[in-house]
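Below are two complexes that have chain A in common, paired first with chain B and then with chain C.
Right, the complex of A and B next:
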């Protein structure tokens, strides 16, 4: 036990004496949670609108004013020909063009008053939402033009946005960023620290020591486990007090699941370190092979259930997918832990398999 | 002199067992798999219906929702709470509750309310889902009014404005068209950023940099010889991407290839210059990797690759002005989808040239021969 403590101490020295790496390790989560909690969002704002209004009468001006007054749109230019509209789009100067028909006022009651909304559909979802908002504004203007007292029968949809009424993107991204950061830091750190000893040659010294190989590996994992726990606390504190994302469910459940996930990531790091020989390979495997899939397949940004079946199958082997799912449910929706038993079971299974495989692969003999 | 240095760099690259495979394999993997994953097309949202009215009008509305490609009916619940439970276990994304007296209110000419409750933890999904449902209902109401003219106001008294929408450049709202060019940018950034970041520091750790330091090679030649292989890598990766985008997704840029290559040449310079700067300032590969990694996530997530720059708060938009990726992503999408020319993108051109100059001068200056 005393030996083990000494080994853990040695690993801590490795980390503490490399100031730059340590600052980055502890700083990454803080900066990224703040940056992304505020910056990553898909809300509609600052939509640059151009109008093409050949008729220029009272009604069209009223509609234009209403669009300009809305919090979503900024009226940038008034254009005069369809060619100008095309050019403005091609230069990326506008996102939406509102084109009125000729003699708008005269045709208002004949059914020939027309508005065309042209959206830059390079970003398809934004295009749909923007033109949706714009036509909402136009139909509100139309309602105002109705004679007093007359109201046509309408269906009024009352929209209620569950769990996230203000459509804060942080609610969606905090769990994702948690998954990404914990996964990458834990996996990358452990894998590099072991391969590094192999490359420099100090691994030989460790292997001829009386310590059991299992304990050598464990002593490598302990400091990173502690570091990740510090990171986890700073992420949670920041998201509650700075981003105002509340923890709706049980804190205890959230922390225990996170610890389980950290454990999975550490074992993944161990596995990578046993199969790679050089630092560069370990880094590229953990950095590239984990970063892209974790970003894209975990449901962090893109919902998993929208993917084709084969990718959904692939995504099941990505630990972050299950973790992010659990965090969303416990932290944002506040469901009880029994609803996420399946995800927790899968994470536990992954931890078990990864540890088993990497222990089996861990070579105690020198080449 | 430079010829031999370049030869050395290429040999170092090609004789590594892992790197050439990475350079060819990684783009292929990403281009084949990821466009299917990086998809925010909102389709097949599962709807849970609570119909308290059981009238003809309400049932037709449900059928209308079911017929849309965006939704699939997941189940009928007898109460709102039951519907909410379906959302909690993740079986349903949206609840549509039709209140009692829905039909009666409609026939009296009143407003007939419908409740749409969408799970908005994923804002895009919740927001788009409810806005699609709203437009289905508006359409349904218009159809109903035409069928039952007695409940509508006299047509002559009501002003009518016909609103049509046109989706320019991507009429079928194909999300792949949006993401594939972005993935190319991501690939170029990762490969031409990480590899140089590990390069010089790698020589430092192995010790071969000592040998370089005692040669008469000037700093500038040294950095230039390091940069040129990345250029080739960048062009190779880009060409693979073009080919795969065309083969797999039928995508060819509306604009010209040469515009993209031209910008890519600049952009690779920016990224590898940046990588070399980090490499010069780091003592170990581990440090270099973490620093690069730290910047990489920020650069990617704040470039408009995944979420639009215009949705960011003002301070974040100011930060994006200093992000080379932002300009390159803009360029890529503009050429691929809109067919913009060089003359349409002078801002992007200027910004990228400035970044390229800045980072490479820094890279040359920060390389020190004496330790």
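Right, the complex of A and C next:
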């Protein structure tokens, strides 16, 4: 036990004396949360709108005013011919064009009064969101402007957005960033710190010593476990108090699942350390094998349901996918832990398999 | 020599990796307090043999006793009674001098108070006392190596294994290093050392030379030179190594 304590202390020394690593370890979560929370935003704001209004009557002008008055849109150009719409898009001056039909007011009750929304679909998600917002404003305006009972559009769906009524993208990114950061710090840092000892030759000395190999590995994992916990706390604090993403479900459940995920990541790091010989290799392997798939396939950025079947299958072996799912459910939807039993079971199974395989590999290397 | 004086004994010790026989039925004995040179070209199998003796690798067949314990069944006990220093000198660069000593002494289960006292004594003997709080990475290579050796015998092992301990060090520092080795041997610690420098082979009490996994020669440097009718160990080594079939890795 004393051996173990001395050893854990030594690992902390390694981390604390390496200022760069320290900065990375503790700074990355803060930076990522702020980046994802503020800079990378899919929310609609300051969309530049052009209007083609050949009718120019009371109703069309009121609708245009409504659009301009909303916080999402800014009216930048008034166009006069349909050709100009395309030109304005090409020059990159506008993001959305609103086109009214001729004699809009006169045709209001005949059903021939039409509005066309033209959006730039080079960014499809943005285009859909923008035109959705614009239609919302237009139909609201329509309801108000027309006398009751005279509305041509009789059915107006009332959309309710559950769990994230303001459509804040932070709700989506916080669970993703949690998955990414914990995976990165645990797996990458653990594997690097083990491989570093191989590289500088101290691992041999340790293996020749009476210290049990399992203890060596365990004591390497402890500091990163602690640091991950610090990071988990800082991510949660930032998201609650800075990004205003509430924790809807039980904090205890959230923390327990996170600990399980940290454990999975640590075992992954251990596995990587047994198959690589140099720190660079360990870094590349964790970067390529963990970071890219985690970012792209875990559902952090792109929804898993929208992927081709083959990628969906691949995504099932990515631990972060299940973890991010659980975090979304517990943190954002606020469901109880019994509803995520399947995901937790899968994570536990992964932890078990990974730790078994890497311990076996670690042992064989000694033979 | 009486029987109790033997600290390493191997009988037909063999290690195979698949169809490749890295160590081929070697048998030898090393006595207490002896400086035993373990020579061989790269790929001759000396590292594999040494790893088996240290309990890092299990022999395929044959027997080996180190410090009185079976390397096959009692590797724990073996590890407790040996010290080890590799060519990649083996201290932590980002720990201070005394922290390194305490860490390794702690691993071998020494008591804090004993560590404290012995550390002071050691640093004084090496005239190192003012470097106590220095990070190891700030020390010159020769000093690091002397320190690494001192750490490897800090827990008073019966045998210390040195794997090319003086690689990359200037001749003056190598000489100083060998003085430390002699001091250790005088205290009764057996020194098992591999080296590439043939002048260092001359410093050993006895030398074994491995070729293609076998021990082709084992005697005192003087007898070996006589046997091969030459006046230096380098020539002895060249004559033996020339017979090697196996390519160096």
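FYI, the second predicted complex is superposed on the first by the 284 of 367 C-alpha atoms of A that agree within 3 Å, B and C clash if a C-alpha of one lies under 4 Å from a C-alpha of the other, contacts with A are read in each partner's own complex, and residues count from 1 in each chain.
Heads up, the rule we're going with is that contacts are C-beta pairs under 8 Å (C-beta built on N, C-alpha and C of every residue); 3 or more make two chains touch, one makes a residue touch a chain.
For clarity, every value in this text was computed on a predicted model and none was experimentally measured.
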Which of chain B and chain C A:250 touches, first, second, both or neither: neither
Chain B versus chain C as contact partner of A:20, first or second or both or neither: first
Which superposed partner A:77 touches (first chain B, second chain C, both, neither): neither
Chain B versus chain C as contact partner of A:145, first or second or both or neither: first
Contacts of A:201 with chain B and chain C, given as first, second, both or neither: second
Touch count on chain A, higher of chain B and chain C: B
Which superposed partner A:116 touches (first chain B, second chain C, both, neither): first
Touching partner for A:132 - first (chain B), second (chain C), both, neither: first
First (chain B), second (chain C), both or neither touched by A:297: first
Doubly contacted residues of chain A, that is, touched by chain B and again by chain C: 18
Complex contacts: residues of chain A adjacent to chain B: 18, 20-21, 24-25, 27-28, 31-32, 35-36, 38-48, 89-92, 95, 108-109, 111-129, 131-132, 135, 138-139, 141-142, 145-147, 150-165, 167-169, 171-172, 180, 184, 188, 192, 196, 279-281, 283-284, 287-288, 291-292, 296-297, 301-303, 305-308, 311, 314-315, 328-329, 332-333, 335, 339
Chain C to chain A touching residues, read off their complex: 54-58, 76, 79-80, 82, 84-95, 99, 102-104, 106-109, 135, 152, 161
Chain B residues within the chain A interface of the complex: 18, 22, 26, 30, 33-34, 36-44, 61, 84, 87-90, 106-128, 130-131, 133-135, 137-138, 140-141, 144-145, 148, 151-153, 156-171, 173-175, 177-178, 186, 190, 194, 198, 202, 205, 282-287, 289-291, 293-294, 296-298, 301-302, 306-308, 310-313, 316, 319, 330, 333-334, 337-340, 344-345
Chain A to chain C touching residues, read off their complex: 2-3, 6-7, 10, 13-14, 17-18, 200-202, 204-211, 366-367
